[in-house]
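Below: one structure in structure tokens.
Labels for the chains are A, B, C and D, by order of writing; each one numbers its residues from 1.
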Amino acid sequence: MIRTDLAMEAAQAAGNIPGVEVLNDEVMPGVNRSRVTILNQEGEKAIGKKKGIYVTIEAQQLARGDAELDEHCSIALANEIRNMAGDALSGVVLVVGLGNRMVTPDALGPAVCDAVFVTRHVHEYAPEGIDERLGNVSAIAPGVLGITGIETGEVVEGVVERMKPSLVIAVDSLASRSLERVRTTIQIANTGIAPGAGIGNKRKALDQETLGVPVLALGVPLVVYAATVAQDLMENAMNKTPTDVNIRPGVQNILDAMMDAEGADMIVTPKEIDKVVDDVARIIADALNISLHKNMTIEEARRYMH
Amino acid sequence: MIRTDLAMEAAQAAGNIPGVEVLNDEVMPGVNRSRVTILNQEGEKAIGKKKGIYVTIEAQQLARGDAELDEHCSIALANEIRNMAGDALSGVVLVVGLGNRMVTPDALGPAVCDAVFVTRHVHEYAPEGIDERLGNVSAIAPGVLGITGIETGEVVEGVVERMKPSLVIAVDSLASRSLERVRTTIQIANTGIAPGAGIGNKRKALDQETLGVPVLALGVPLVVYAATVAQDLMENAMNKTPTDVNIRPGVQNILDAMMDAEGADMIVTPKEIDKVVDDVARIIADALNISLHKNMTIEEARRYMH
Amino acid sequence: MIRTDLAMEAAQAAGNIPGVEVLNDEVMPGVNRSRVTILNQEGEKAIGKKKGIYVTIEAQQLARGDAELDEHCSIALANEIRNMAGDALSGVVLVVGLGNRMVTPDALGPAVCDAVFVTRHVHEYAPEGIDERLGNVSAIAPGVLGITGIETGEVVEGVVERMKPSLVIAVDSLASRSLERVRTTIQIANTGIAPGAGIGNKRKALDQETLGVPVLALGVPLVVYAATVAQDLMENAMNKTPTDVNIRPGVQNILDAMMDAEGADMIVTPKEIDKVVDDVARIIADALNISLHKNMTIEEARRYMH
Amino acid sequence: MIRTDLAMEAAQAAGNIPGVEVLNDEVMPGVNRSRVTILNQEGEKAIGKKKGIYVTIEAQQLARGDAELDEHCSIALANEIRNMAGDALSGVVLVVGLGNRMVTPDALGPAVCDAVFVTRHVHEYAPEGIDERLGNVSAIAPGVLGITGIETGEVVEGVVERMKPSLVIAVDSLASRSLERVRTTIQIANTGIAPGAGIGNKRKALDQETLGVPVLALGVPLVVYAATVAQDLMENAMNKTPTDVNIRPGVQNILDAMMDAEGADMIVTPKEIDKVVDDVARIIADALNISLHKNMTIEEARRYMH
């Protein structure tokens, strides 16, 4: 099974299998949606992900300076958040920014927290005259185990127990199989975060079972294993080169050996990662701000944030 | 009563009063210690601080590039931490970095967390062969209410309940009466943090009562009210100028009116605040690293941190 | 003569004097303009500033989250830039961001450089099909003497000699007499920057004489001397308190002594300085982007910058 | 010819050729030195680099927390700087930090500038009583074309003309062929910087010819092309797998096609790049501080910098 945090990549690699439904459509110009539903244990086993719905929003030119396209992605993502969250949006929502703010490709979660329009304290301490459209939103970036000595799950469980939110939305950086997917794809799932997923090694799940409330997981592929970069380029190259059928098994041997070659387990990220994280954090924060608050445009939400 | 987070300033302003003991000594060359003990309710009322021990470590040239003096301050501070903590150091210690990392004069707590040598996860997940001198240390910077929508106290209570540390050490930026005290003084108290103290407006206490474990409060004056800057300079000037006794009452009237003048409630910080916070965070982290771990020099602790 | 970089404060302190013209008007709702013209040597001596035009744009609620007001200030400032620059805008414009990006209140210049829409390299290397509205803009933040060992003037002279711009716009943090002016005022002058002005101690002027091209100086008060804070509060207080006329001379003695009191030469800045610098840098960059490029709205310029 | 900024990689790829001398030795425990001398045009053509001496200092565990090894690398590098610079060290030395401080893998040069102990202004303005061991050092980070609109070369030429240094040391991030070389290798050459080398696309050389003074180039591989990552892993895998000789030509075809496959020109960097840049900048700054000043230990130099 390939190393990826994206259900869509795992489904593509697995091919057509029972227990897994895949639907693709274009939800806005230039913005594609892929919905992978894992229906049962058979699907779980084939894909290596928990039962549930995984949606990816994709745009080839995401986070590359096309402000309109980026806003379309925010809107598409906000729609998925609303669909998956349903009534849970009417209570307190806790956004959890996973990752390490000192490690650029792992800093997406904390960066989103910094840009989310937080209102729980206003509802609590100054409710009179509050704009009716404002949801009840809070956000925490609990840090990573290596820096705090504390499991992310320990912090989040403690806060959830006290705050009793109706919904948790966890934001995280993901690993992908393909360099091209970095900066084009945002995944949202209704399954929470599994242990060991994402860039940092979480040891505890953050999901309905551990937290007692629904948990949406919002993730963006920002790193790739060196070995899968190589595999992907090899496959791209083979598809474009007339290759003697007889050498295919030999090449496959080499590809397999590559997984264990020196350097194969290095994790890489695009050179422009600082800007990617900035842009993607803004896209996600915009999506959160227009879905967690009511009847609000991206522009209004940004003005509120200044 | 004057606006200050320093017990020592409050004691100086109050003068000689029952219920309050003050001791001053030089603990190292260039490093003075002042110990204010508030013994009872009478003392509490006079000083406006809770019953307990408040020690300030002072050095005129603190955080000004004299590496040896800075290390002396770390050592003096480490001694106070050991004295106040006693046996509690043998269990898990949780360092809590209060404040907002985006607001420079309020970023001391998070900066200390980044530089503390954290080991709880090593004890938990890889205890075999761990250096015996290593204490069991964890650290969290919970953010501020305006950014997270969550009370600092809610986060810390949740984490303490799960981790069950034997000691909490809270680090915070303080307000002082005097500009000169910014960058010369570190306060440590065995009373925890009171609501409303520090730069941010905390609404909940962090103390033995709320957390169920002893709480040391480590604070450094990094901001001053504009009005007290003015009062201090006026008083310095009056002490140096032959002033007609008859005008004193008139001047006092002006001084009093100044507290309500426009701009009086502005809070200021020295221009060099970025460097002050960097340097003081290092001094405090050094003190924590040599007191929370055993038989460790500042140099060794720094090597561990790289 | 008082310590201030603002001609307007110096003129207020000097009172009505020959050789100096002062005009005040409201240029937009909530935005006031004050124009001080120093006509001759007599004026220069009275004010302590070079002959020339000094305009301040003032808004009480500047950089406090009122997006519309901030944009009005950008537009008012852009008008002054266009008026002072005249035909020089048709050539290459060099924006010089003075100050130290590591010292928050001194980081305004570099922050503006980061947000200015720079186009000179596009004109030079890819002129075909360039948007006709784009001016020819470049920007440099040369650092400060203590960090580089090189005078700012040495760097700027070298670059100007090679690039031959038609206009230099230098952006700098200033010292003011009054805390209230920090975050309310932007000054623009057609005189360039004098040695010793601004927060850092420049030793060389940046002006038409040294650079051979017109130099506009854009400055924002971000720091205040502690002594002048005290003086201002005292004066505010005296104006509000019925004060016996007989004590005025005595008080004046104290005020004078205060200039030499310990701590009087400390330089302070508001606690919120990080946000002030961010916001003011954006306001100035917006003003530059709509005045150095043609027929461009603030919104369009911001989209170009992403 | 392969895409690499390292003469050593180019020499390895070219094999044994006339006009190029390669020497390898271990200069300290764990620290290897490789010296590539390009003697003539024939060598230049084979390697694709200018005539001159290229030394790489290599350590497998560089910048991974072994403080002693990192210091050995600094010492080894300092020796090469002294050898290449010779008498030029007695005059003013200008350190030029190339690259963009906003793009982490391109921020090495500016980060080194921030940590170099600069003294030219002390020699100039306060020469009395200066520590005799102090060299005459200055440092500038001129920014990148896309941000400033100004060629790096234009800024450096202007400054050099004014300051007349006896030596320029340019520090830059490099591209390498191999992911494993990122974080193990530092290159120093006496040839200056060629146009188009490094991460940013410089259009002008910085060398003796353009600047009129000797130029040392100090570079560290921090990025890799995706295609060369794949090639390297493939070759590692093939060396470890018994491969049928008959399929080699077919595989070579695929490898060649890979250079043009989609995604092949992406540039990647390790996930830990923030820490790598921090650590390597410190190693290089230490090397500069002990070679540009006399009889100074790394520890003394670091104390001077605080």
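What we mean here is this: a contact is a pair of C-beta atoms (placed from the backbone, for glycine too) under 8 Å apart; a residue touches a chain by one contact, two chains touch by 3 or more.
Computed from a predicted model, the values in this text were never measured in an experiment.
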item: Contacts common to chain A and chain C (chain labels); value: B, D
item: Most widely separated chain from chain A, with each centre as the mean of CA atoms; value: C
item: Averaged-CA centre spacing for the pair chain D and chain A, given as whole angstrom; value: 36
item: Computed distance of Cα centres, chain D from chain C, in Å; value: 39
item: Chain B and chain D, separation of their C-alpha mean positions in angstrom; value: 44
item: Multi-partner residues of chain D (each touching 2 or more other chains); value: 102
item: In the complex, chain D residues that touch chain C; value: 102, 113-114, 118-121, 125, 137-143, 145-151, 154-155, 157-159, 161-163, 203
item: Interface residues, chain A side, partner chain D - complex; value: 102-106, 178-180, 199, 223-224, 226-227, 229-230, 232-234, 236-238, 240-241, 243-244, 246-247, 250-251, 253-255, 257-258, 260-264, 266-275
